[in-house]
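Next come two complexes, and both contain chain A; in the first it sits with chain B, in the second with chain C.
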Partner chain A sequence: MAEAALRTAPLDRTRLVQWLQTYGVYAGVAALLVVNTVITPRFLTTENFRTQAVQVAPVIIVALGMALVIGTEGVDLSVGAVMALAASVTALYLGYGLLPSLLVVALFAAGVGLANGALVAFVGVQPIVATLALMVGGRGLALVLLPQLKDLRNPSLASLGSGDVLGVPYLILIAAALALLVAFVVRRTTFGRQLLAIGDSRPAAQLAGLPVRPVLIIVYVVCALLAAVAGVLATARLQASDPTSLGNLMELSAITAVVVGGTPLTGGRVNIGGTVAGAVLIQLLTATLIKHDLPPSWTQIAQAIVIVAAVYAARGRGKR
Partner chain B sequence: MAPPAEVLAVRGLSKTFPGVRALDDVDLTLHAGEIHALIGENGAGKSTLIKLLTGVYRPDAGEIVFQGRKVSFATPLEAQKAGISTIYQEVNLIPLLSVARNLFLGREPRNRFGLLDMGRMNREAEQTLSTYGVRVDVRRPLRTLGVGAQQMVALARAVATEARVVVMDEPTSSLEPREVETLFSVIRGLRDAGIAVVYVSHRLDELYAVCSTVTVLRDGRRVHRGRLADLDRLSLVSTMLGRDLGEVREEGLTKFTGEHGAADAEPVLTASDLTVPHKLHGVSLSIRPGEVVGLGGLLGSGRTETAKTIAGALPARSGGVTVAGVPLRAGSTPAAIRAGISLLPEDRKSEGIVPGLSVRENIALAALPRLSRFGLVSEARVDSVVDTFIERLRIKASSPHQKVGELSGGNQQKVLLARWLAMNPKVLLLDEPTRGIDVGAKAEVQKLVDELAADGLGVLLISSDLEELIEGSDRVVVLKDGAVVGELTGDDVTEDKLMRTIAGNDPARDAGKEAAVDG
Partner chain C sequence: MQRTTHRRRLLARPVVVSLAAAVALTATSCAKSEDDTSSDTKSSAAADAAQKVASPAPGGKACTVDAYGGAKLDLENATVGFSQSEKEANPFRIAETQSIKDEAKKRGVKLLTANAQSQFSKQISDVQDLLAKGADLLVIAPLNSDGWDPVLQAAAAKKVPIVTIDRKINATACKDYVSFIASDFVEQGRRAADQMIEATGGKGEVAILLGSAGNNVTTERTKGFKDRIAEKAPDLKVVFEQTGDFAREKGQQVTEQLIQSKPGIKGIYAENDEMGLGAVAALKGAGKKAGDVEIVTVDGTRNAVQGIVDGWISGVVESNPRFGPLAFQTLDTFTKGESVAQDIVIEDGAYTSGNAKSGIGKAY
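Moving on to the complex of A and B:
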């Protein structure tokens, strides 16, 4: 009898921790939804949900790229700068039409991604340092191209920012489509499997003949492109290009979403569903506190608690 | 003489992990000045027992009595402070700190200002290490030392901390024979100083050389304890494996069956004049289909470098490799793999397996592009390949989705073999394929190598285990200081000849004046 107790007790605890690691973030989102339904007036309205979703969409899009980079045991600090760069470049080339300007944005973003990837893959600079350089330089370039806030009057851009299909804003549709696409890439493609292997053990991946450098470069390019998409969408929603403040601290929000979503910083695992839920969790938390008129400092403290909780849950993963 | 005091007594220790009864009611008693061998196959529970003793895990049941008191260590540090030191298979020191700093880490001598007394530290470190046969500049970063020397530093550090019990988990796995001798004399010194030593090793020679008593674990239970001298090698192996004595005797200690390969076939692989600065100086060799070529030599003689250069993982300054007559682009692992060269690296844990991925993902890793269409992985094709190899190589995993990091060493090695066999290689380069894996799995891997050679693969076998090298190879190329110093063929492939070639006797003279040397 005592024997049985000894056998099951550690099992149950392990199961609980495992359950928390996998579903903790979803449980957090569900809990916040329930609490808000009870305590927040007018929470359960379509309007409110639309607002929340529109606000979180750019974070989700950036976090998707960040999750891929973190999966390779890297990190990309330059995503906020890329958003700013996308905003300036959009403003500069919008005169040629929306599509041409988007192409130029993509070129710039790919350039930043290539630089990040090349520094990491070929020069062997640590990701945090390589992307720090581009974080500073990228925003600098954005400000050189467009020194101050500029109002944009372009109907196509405006409709990208505020249009919808059957009441669902484009922003949300785009974020959802990208999340599904990235999840599919991670799970089902050769590229996704190779990315995870490289993140888990780069020497082993190298000796197994995997295209380590190309994969790393593509990952950083994809991350920059996703950040650019977020930058363009945010600009479209603002109807103004604001390279000074757009994307500020976005790298931290994205990393938070990824970590809270259960993707370990040590690489080798990417949890896309968790990343999306992580971004939503932080968004709901912030909204809840703001709606109840708590000062922004409280929001930051609450975020910190969520991060610590996520890290604590992930802690059990490394050891047994 | 009074019987030596009981230092450590373990009673009824049990530990369960999800799904596995890792240790089941195990007893262990250690006396002062006893060198106790702890053996068992991988997965028998040795590591679990050690980790329970040293506070890494907590037991589910049972008690540990240390120096007369019941103890329960919460952390390895607590155990170490109480007097139980452990030296792990992998060196756990800080690579970037100096040798002396590592040796004194956490108990550095201070001067009167409370600052580190570097002068004294370096002097004492030099003194201490010289008793371990390590003569190096102690101010150099630890990582610049060879693995063997690092192991000695770890040992010196563990012993210096007032230990009453020293646990050594495969301390010789990366040592050269000379270093092993030094280690043994240090261990005997510990014994004479009244310290109890738990010695874990797969190498039977070593056990018989230093240990007086033995505990054999199998499937988490203690199946034997007693004086080592009362148990001969075959009985020891059969106790460990739980196999019939006659069966072991009949099959021999290694699973190799001997000759294969046609002597006149065109070589499937030739390497000519491979030169890597400071590492290889013009190494040439060739392998015919179906032939197992051994690569002999001491640690640091360039065996691993030769294999890595052939596999494109180490850029050569000059020299070339051909596969089936076609020259290979140098310095490219993917090119070597496409040409049919597969390397099982020496450092299985950090260069071979991808520990966080499943058995299935690990097996399919190299072959992924072949198992995909337009970049999309075909799960059905992956499954069929994975199932085939799990069955063929008898890989023991709870399911194909179990993480490779959780498997025993032998099964990890089989997963790596499967990864390469899925690529239909022409040449297999095996760098220490059986190091650190248990006797049963070792036999299976050896048998597999034999079968693969019989199927027509060319095999390059690197092993520090002379028995394995001699019995497994048709031919042995001997390296010394990055150059080929001899080649043994046919009846010359013997342990004696190999030792003499490694030791540096002129191989030509050896061949010519055999009678004179032997007589």
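Moving on to the complex of A and C:
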């Protein structure tokens, strides 16, 4: 009997770890929902879910781009800076109307993405260093363009931030649409396959004749564009452009969401559903602690525990 | 492949640099932001908003040139060095630096300025630079209270008097520096509590949006508020304390959670204006009406005072950033050989619905 127990114990553990990798993040979200339903007053209300969804939407959008970059075995630290840049450029060009200013924002973001992609694909700088440069430079540029917070009164921008369709805010709709789009691209398109192949092994992809450099550049441009969308939406919600603090530490929130969602940092695999769930998990965790008025340091500790748990689960995958 | 990448890199560097410069230039040259209505009146009433000393402090310690061990000099022919701690990205720092510059211009004093961009090591080297450039007097807005020994030694060797503003340096007054001029943050918290008690009638549940953790402004504004509430209105309960990091977006997010979980909240005390304005945005987003929740903030920026006029904010306790006149007056008195106080606490104003409209010109 002792022998049998010994034999099954490691088996159970690998199975458990595997299960955690795939479903752990959903289980976490479910657990938090159940706990909150019991202990948090007024948790099961539409307004509450609306608040949480609206707050998490920008994080999800940034995390989608981050998941793609991490899928190529890279990382993009400049997403927070791009959000700040998007905020200041929006304010700067809003005089021409919302749409023209959004086009200029897209241009700027594409520029940052192009610079990131070129540094990684052509110059051969490691992604963490290349995007670190743009993280510092991007926020610097944002502050040069708009040195301090500016209130925005454009009505179309305001409705983008707080309007809704049949009670569902635009922010949530946009985040959901983008998540579906990115999931489709990763799973069903040649581009998605190429992206994952490059992340699995760049030399192999090169030898197989895949367009490695164009794919890498497109991935970084897409990531920057998604960050810009998040920056514009956050600005629209605040009805003020605040390049000094908007997007601060966003790169860490996005990486956390991606990693907790079960996408390995080693590339070659992207889990979009998990990424969305990862962002939701962190949001619910923060909301729970804030609603119960626990000290802010607890939130950080709780996040750290979640990350360590996720990394532990990911470690098992490497061994397999 | 090696060779081609190398060539590319040599080419890329000047191209990237010139491109970045071009982007920054073109972006600002053809930019067109929304019409700004608030900036017209900015300088009009600034003059009468200069700081006043709250307490002449009869019992407080004073300092003279003789005690400090320097030489008398004429301020008009002197060079004053000013070291700012944080980048001028928020209204407080902008108004503070501007006030120093304006006063130097008014008095015809040569002013050297430096900005540490929130890096303490840079501020130390900034001040050493100012000394090397020939500053006879120093005005410092310190980023930290500790770690000033190298600067104080250098200044003492040259017998350069130092006045610190808005934050204190941990050193001996009248030996390492002359005077410290600042607001009393605990008192600001107490006065915010007074406004909150009046707005809510002294009953109900209130929340606090804290500033950044580990910041002395946060701890002192919290202490003053809580002490006064406990002392004057025990029926007013602080049921929620979460940090908004002094930022508008964070203030908005935390307030959204707050009004979700505690819909009966009667008041919100925001430890700076930006978080208070974030709370206003959250209340608007939740479909509340102006006056449903009483908001009291500290700072006195133009946007917050406008919030009182619009009815969303009940009261603003001022934290006056215009240190220029008082700092130069202190230096003038001191260098003439007369005595000045070691701790100069300034009198902060307040805005309520009664004086917001008339006083908005004074806001920064």
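By our rule, the second predicted complex is superposed on the first by the 308 of 320 C-alpha atoms of A that agree within 3 Å, B and C clash if a C-alpha of one lies under 4 Å from a C-alpha of the other, contacts with A are read in each partner's own complex, and residues count from 1 in each chain.
Keep in mind that, in the parts below, contacts are C-beta pairs under 8 Å (C-beta built on N, C-alpha and C of every residue); 3 or more make two chains touch, one makes a residue touch a chain.
Since the structure is predicted, the reported quantities are computational estimates derived from the model, not experimental observations.
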item: Chain B versus chain C as contact partner of A:193, first or second or both or neither; value: first
item: Contacts of A:205 with chain B and chain C, given as first, second, both or neither; value: first
item: Partner chain in contact with A:269 - chain B first, chain C second, else both or neither; value: first
item: Residue contacts on chain A - larger count, chain B or chain C; value: C
item: Chain B/chain C common contact set on chain A; value: none
item: Sites on chain A touched by chain B in the complex; value: 3, 6-7, 10-11, 14, 188-191, 193-194, 196-197, 200-201, 203-211, 268-269, 320
item: Contact footprint of chain A on chain B as seen in their complex; value: 14, 16-18, 60-61, 311, 313, 333-334, 336-338, 343, 345, 350-357, 361, 364-366, 368-369, 372, 375-377, 419
item: Complex contact set, residues of chain A against chain C; value: 40-42, 45, 47-48, 51, 54-55, 89, 91-96, 108, 111, 115, 118, 122-124, 137, 141, 143-145, 147-154, 162, 234, 237-240, 242, 244-246, 248, 287, 290-293, 296-297
item: Footprint of chain A on chain C - complex, ascending; value: 5, 8-9, 12, 16, 20, 23-24, 27-28, 31-35, 38, 87-91, 94, 210, 213, 239-243, 245, 247-250, 252-254, 256-258, 260-261, 263, 274, 277-278, 281, 285-286, 303
